[in-house]
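Each of the next two complexes has chain A plus one other chain: chain B in the first, chain C in the second.
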Partner chain A sequence: MKKLMAILMLALVWNAAAFAAGTQYQMRVDGLACPYCAYGIEKKLKKIKGVDKIDVDLNKGLVTVNVAEGVELTEPQMVKLFKDAGFTYRSMTRRPL
Partner chain B sequence: MKKSYRLKVAPALLLFGAAGWTSDALSAPITFNTALPVAKDEFLAREQYVVNQSGDDPSGADKDRTARAAVSVLGYGVNGKLAVFGVLPYRDNELKVTVGGQRRTRAASGFGDLTVFGRYTVVQRDRPGRNFRVASFAGIKAPTGEDNKRDAFGRLPASVQVGSGSWDPLVGVVATYQTLKYQVDGQISYQAKNEANGFEAGDVARLDASLQYRLLPRKFTGGLPNFLYGVIEANLIHQGKDRVNGSADSNSGGTRLFLTPGIQYVTKRWIAEGAVQIPVSQDLNGTALKNDTIVRVSARFNF
Partner chain C sequence: MQRIILRVLGGITALLLGLVVVTWLIWIPSAKEPGYVFVAAWGERGSAPGQFNDPTGITVYGGEVFVSDARNARIQVFDFDGRFKRQFGTKGDGPGQLGRPMNLTVAGDELYVADYWNDRVQVFALDGTPRRHIGKAGEGPGEFNAPGGVVVSAKGDLYVADFYGQRIQHLRADGGFIKQWGNTGKVGIWAGEFNYPTDVALAPDGTLYVADGYNDRIQVFGPDGKFLRKWGGPFGMNIFGPFNGWFTTVTSIDIGPQGNVFVADFYNNRVQKFTANGVFLSAFGGKGREAGQFDKPIAVAVANDGTVFVADYGNNRIQKWRPKEK
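Moving on, here comes the complex of A and B:
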């Protein structure tokens, strides 16, 4: 029983460490005004290896992306991605998860 | 007599066709196009079912025409500004007419003419939660549908054929102003009609406008919720006179104004919508057949 508890605790710690290792990017995007249009952006972001989670907030014009450790999103990459999707990239902030 | 009713009901078919060719697959008006983008290398699809009922025949032949169509639209984003579209209808046309005291029904069904067109964004102004775009488009309707179908009475009239037999180019400009609360679209377009089988339909000029107003959620605080829009559209359509063997038909063409209330449910992956085009004014030449109503139900998909 003690062994099982120890393994579970270890697994929890390992999961938390893995989650914390990534980065959260928050991008300000202009022109987003309906849910249907946001899907093209989500599809493009999902094609990037290491992207875990995408949240779009239409009201604030924010696209939040969580990426795995070692994955970096660059400004030129995002400018092109949003341009290809038909929208305008403005700025980006990043913080560790 | 055959020639006469062919000429008089042809405009209804042509206006019906014209109403369908620019409808694409974005959060957009129901009866015409939008300037909103298709993402690069992405596809959009739309299936629209249209029932166009025409009657109120002033000629005394008691003509009654029902045109049903399942219209498939596929859009592809070449880049953030340029998109190409293909529109293929499957048509089921039926014309009832009284000839010599006898009621005749003439009908045809099959794939109609394929329309392909490109749309390029010439103005793009993006701001937080809103955007303004102007796009020009140009394309052509190819004579892929059968245009020489026959029944027991002979060759079917042009208004019953599923294809026109002619190559018909089209051009236009569409503008869109979209916010989180509402969207306004306007379009002006022109389609030239060419001769085939001795028949040349009148050219079509259109002026369209649409307002989509978000009804739900009433308060929008964030995230990516589904939207329910109330829609009101107006379609002003002018068609020139048809020409048969080079002579203008005085019982064809004219100007119609439709008001189109509708509803639209928009999610991230799909849109469901419906609208009824109600003719509020029909200033038609001679005994050209009038539209009763046009009903449109459609779904659009991101994939």
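Moving on, here comes the complex of A and C:
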């Protein structure tokens, strides 16, 4: 019983730590062409409060964004952001950091 | 019946072949001069002096090469042999700080930096002392939405490629608005319209050349502001490709000492050279990491002696080329 409690506590602490560490979003985008595109997207994303780290992979058409705890990026928000930046948003995945 | 079908098919094939030949002759010109030879390269990825993290702009003046080192948010200065001399600029949006510095120009002993993230043109003394900045974020007259390149006329007027603004702005030295080409915020492919313009260059007579980035073409405007010509693929209308005289994303433009036009042809991994009227002269480069190869050349600058310097974006280095002897 003690062992079970210890495992449960550990899992709880681990989950809390993971939640506190924020979320990583990966977005697939069409039309990424050059650094002007990458910088344009970074410029728009960094204006969102809580965005910590942005990585734009031009070759794969992949934008990776780490956000702080409690910050959420929504699909409609990203569709608009990428449209304003001149690109087409395709999909998004998320995972806890 | 079979004979008729064969004849029709033969006719169509001959017509298509004819079209290919005509297209080739009209729109794929051959080189008209010997071209360029690779001289030297310097730099690698990093943040130490002489290293780069996204070199995005280049200009030459007084025996020095100025380079926008975008992700390091600084300008680095070298001599013509690649020896590091000095650097200036830090990350931020305060005076003298840089977001993403892009194409550069020197005028009147001052360096003008298109500051893409900070939506302004920053002006430095050549020793790196910040002097002033021009413009702010916005889509109004004299405001910018990610400026990519700037050039300055003999009387001090500025011409700025406003990338997301989809326009070229002509401003007084103090930033006062004079006029613009293009429809603010609207992409267009017709003459006088733009599709993410990246850079500008001025001939001594005041003729303005625009690197019309994603339209894959150059547009030219006379000293009176009137549209003169465009080139890049068939009809200069957003048709990209790898052939001579075609482009796949143009990111920088400069005028050489003889009045010729040099263009960084980003995705074709080469620099192309044209007469002032857009006649293709030669090209150099090719994709790769070896000497004389590029991984997406993003900016080009020509010295008074004809030496060409190229910011080799993907390889995080600068390359130096000289004209081949005839």
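The working rule: the second predicted complex is superposed on the first by the 77 of 97 C-alpha atoms of A that agree within 3 Å, B and C clash if a C-alpha of one lies under 4 Å from a C-alpha of the other, contacts with A are read in each partner's own complex, and residues count from 1 in each chain.
Keep in mind that, in the parts below, a contact is a pair of C-beta atoms (placed from the backbone, for glycine too) under 8 Å apart; a residue touches a chain by one contact, two chains touch by 3 or more.
As the structure is a computational prediction, the values presented were derived from the model and not from experiment.
Undergrad: On chain A, do chain B and chain C fit together or clash when superposed?
TA: Pair status: clash.
Undergrad: Quick check for you: in the superposed arrangement, does A:61 touch first (chain B), second (chain C), both or neither?
TA: A:61: touches chain B, not chain C.
Undergrad: First (chain B), second (chain C), both or neither: which does A:87 touch?
TA: After superposition on chain A, A:87 lies in contact with chain B alone.
Undergrad: Should A:40 be classified as contacting the first partner (chain B), the second (chain C), both, or neither?
TA: Both partners, chain B and chain C.
Undergrad: On chain A, which partner touches more residues: chain B or chain C?
TA: Of the two chains, more chain A residues are contacted by B.
Undergrad: Name the contact category of A:75: first (chain B only), second (chain C only), both, or neither.
TA: Neither: A:75 stays clear of chain B and chain C.
Undergrad: From the options 133-141, 151-159 or 241-249, pick the one stretch of chain B whose C-alpha atoms clash with chain C.
TA: After superposing on chain A, the stretch of chain B hitting chain C is 133-141.
Undergrad: Is there a shared patch on chain A that both chain B and chain C touch, and which residues make it up?
TA: 33-36, 39-40, 43, 85-86
Undergrad: Note which residues of chain B are touching chain A in the complex, please.
TA: Touching chain A from chain B are residues 26-27, 36-42, 77, 79-81, 121, 124, 126-131, 178-180, 183, 220-227, 266-269, 271, 300, 302.
Undergrad: Enumerate the contact residues on chain C facing chain A in the complex.
TA: Contacts found on chain C: 54, 56, 70, 99-100, 102, 116-117, 146, 148, 163-164, 196, 198, 213-214, 249, 251, 266-267, 296, 298, 313.
Undergrad: Would you tell me which residues of chain A are touching chain C in their complex?
TA: By the definition above, chain A touches chain C via 33-36, 39-40, 43, 85-86.
Undergrad: In their complex, what parts of chain A are in touch with chain B?
TA: 28, 30-44, 55-61, 83-88
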